[in-house]
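As structure tokens, the structure follows; a few thoughts come after it.
When the chains are written out, they are named A, B and C in that same order, and each has its own residue count from 1.
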Amino acid sequence: MEKRNFNIIYSLIGLAILIAIPIFEPSKYVMHILILVLLNVVLGQSWNLLGGFGGQISFGHAAMYGIGAYTSTLLYLKVGLSPWIGMVLGGLLASLYATILGYITFRLRGPYFALSTLASAEVIRLVAQNWDTFTGGDDGLSIHFEIAPRVVEYYIILGIVVGTILVMYAISVSRMGYYLSAMREDEDASRAIGIDVTKLKVLTLAISAFFAGIGGSFFASYQLYFNPHVVMTVHTSMQMIFVSIVGGMGTIVGPVIGALLLVPIAEIFRVISPAANLLIYGLVIVVVMRFMPEGIIGLRKKFLRK
Amino acid sequence: MDILLETRNLNKRFGGIKAVSKMDLTLRQGEILGLIGPNGAGKTTFFNLISGFLRPDSGSIYFQGEEITRMKAHEICRKGIARTFQLVKPFGKMTVLKNIQVSALSKSQSLREAESIALETLDFLNLLQFKEKVAGELPVGYLKLLEVAKALATQPKLLLLDEPIAGLNPSEVTRFVEVVRKIQNRGITIFLVEHVMRFIMPICDRLVVMHYGEKIAEGPPAQISKDPTVIQAYLGVSYA
Amino acid sequence: MPKFEILLQAIVNGILIGSIYGLIAIGLTIIFGVMRVINMIHGDLIMLGMYLAYWFVILIGGGELPPLLIALPVFFFIGCLIFRTLVSPVAKAGGEMGTLLITAGLSLAITNFVQLIWKADYRSTPAQLVSTSYSFVGLSVSSALLFAFFTSAILVIAVSIFLMFTETGRAIRATAQDQEAAMFMGVNIEKMMLIAFGIGVALAGTAGVLLTPIFYVYPYVGFVYIVKAFVVVVLGGMGSIVGAALGGILLGVTEQLGTLFISAGYKDAFGLIIFVLVLLFRPSGLFGRSRL
């Protein structure tokens, strides 16, 4: 794994600022934007673990996100379980899905793995769409009153972000992190030096899915309404990919930058149309992959080397 | 000398072709065994079978008395067989040191310990000056050495070298001969595949010759070089 | 158990539709076979072909033939352009993953661009509203499907002849089988890949033209077809043209029968499940030789 661009001092300052923001009573809209950015940081970190560190591209993370959303919401609506406990369960269920998927697809390399994550996610989406009695079908699910005030939601997602980043950092400096880098570079060579690539893929998938699921649960508890088209389509997966790639795949600060870019763009183009928004995402991905595959972080690195 | 590795009646087909056929092989501890044969004879396939990258159709493989026939590649590495690849597979974006450090992690739990094993391996192969270099930027000669370094860092008992000197110039080849001797002096058994006779002859204690997937000859290099079956396999013409 | 005629109708429809699936899959499999690129924009090219035919019929009138004849060279050119500017450079730098991501991003861009300019409405050409069907043996077959079947068949045969009997075609096949060997034999690998990509794209665009009278046209329709195309390619074997053709028909028939016996909502799920199953148990496909 390349040098982590993770400067502890800047991070602590940033964290302090983030913690302090609500004191200045910013508008609901600003809080909303911040919450979205933080949510996307979690999602980006999730995808990045598997894709950036591990080199396994997934087009199906929306399924894990969606499973998280549906799990906590259904548990809350049907059984009255607290959404925050539901969130953990949502993450775990998403992990379970990912583990099964991983064991089924472990033999597949690169693009074939990516395609099967896509196919699998599509199956899940179709189930969510067609099983109306349980999942509300196309209409989705809604919660009819606010679960927590916006400020509380803000601190919760902030806490999740901190937790996620700590986990990612811990992994990156551990044996698992090294193994992930090796697997990303060359699977056969990894096997030859004793790495159980199958187990590693499945484990990484499970951890990645856990955070995506938590993100989905949080989204459901915050937005209070969602349907399969919002949380389980390939567009959702592509957004997570955007966040990881643009900032810098395989770094911890990359998804933070990616999220900081994704949300404002979404807001600006929301006025025009969601299609314009996605168009921009697509174009940015194309440009980044063509000219700076290491993302914005990579640009900075190149710049500094000169 | 103990028998370290043994294959019994090993077979592997690809479609209609018998890549490895009825291979019986014994490898003794401490020796350097060379596997030679014309192109397409099945040598790399045989390597892939032993190292767990391919499953044999039938037959068995024993390492230190334990059957490893159905084991996966990473398990076989943990048992003590390490291999290099003919087309080198460095972890391109990582530094040389990291490359070897990851390999060392197979036998060591701590990153620090792995790092010191890696440094020691680099020193052993006279590669210390490259430790911070990005692996992908190394020239071929050093990449080949990196392959060996990675394998050595897993602390193997048996080292499989798959055409280690392909693409090296004469002085690099000479250096490689020294490296192989050093490795043998450490007590590691070596099994290698090569084409270049100038390299094989001086190093190997014994040779096994494969042709069309089968073993056609076995013995010390001097004897093999005069074996008419072997000569015919290479040249396709019978020499008296 | 439905009546025999209904069953037979489903099978016949499946074969006819499957021929288009086969056409699409062949384009995808050529691209994959020659340069190991999984072309995520394949579906969107189909969509663009559909819009091409749609606008042609709406604005200029006439049948399917003019847009068909235009689509072939236009899409070939588009394919070459995309290869040169995006696919080739990224393939060299980032390998399989890089091209996967860049084509995925491009797909996102194309579909949403189309949505912006032409809106998301489902469109259908007048032909769909007044379709002619022929009936024989108690079955009714739409003329559009028949036209699609014969056109697909002709194109598939033409491409096969090209690949098997022309020098360029053989060079392309050599590149697919063993790049290094082909290079030693003097083949211009880059150019062969360029042509192969162009052909693949041309086939996709053409398939779109053929689909216009049969299905609704809308910006995201490509996604549906690319998923089916992947299923077919994997079913038939990556890089195998015969496999893709037969796989397409197999998928078409399976879908029609599945809709009959189970439910329409899950129709698309069959393909997906088959896809994952095949990848797991027979990754070399039902017919093809391949290297995963």
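Throughout what follows, a residue touches a chain if its C-beta (ideal position, glycine included) is under 8 Å from a C-beta of that chain, and two chains touch if they have at least 3 such contacts.
Everything numeric here is computed off the predicted structure, so don't read it as measured data.
Ranking every chain by how far its Cα centroid lies from the centroid of chain C, the top place goes to B.
This structure's chain pair with the greatest number of C-beta contacts is A-C.
One inter-chain figure worth recording: chain A and chain B are separated by 42 Å, centre to centre, where each centre is the mean of the chain's CA atoms.
Chain A and chain C have CA centres that are 32 Å apart.
By the touch rule above, chain B contacts chain A in their complex via residues 51-53, 72-75, 77-78, 82-83, 85, 89-94, 98, 101-103, 105-107, 109, 111, 150-151, 153-154. The residues of chain A lying in touch with chain C in their complex are 55, 57, 59, 104-105, 107-112, 114-116, 118-120, 122-123, 126-127, 129-130, 234-235, 238, 241, 245, 273, 275-279, 281-286, 288-290, 293. Within the complex formed with chain A, the residues of chain C that make contact are 38, 86, 89-90, 93-94, 96-98, 100-102, 104-113, 115-116, 120, 219, 223, 227, 230-231, 234, 263, 265-266, 268-269, 272-273, 275-276, 279-280, 283, 292. The touching residues of chain A, when paired with chain B in their complex, are 1-2, 173-175, 178-179, 181-182, 185-186, 188-197.
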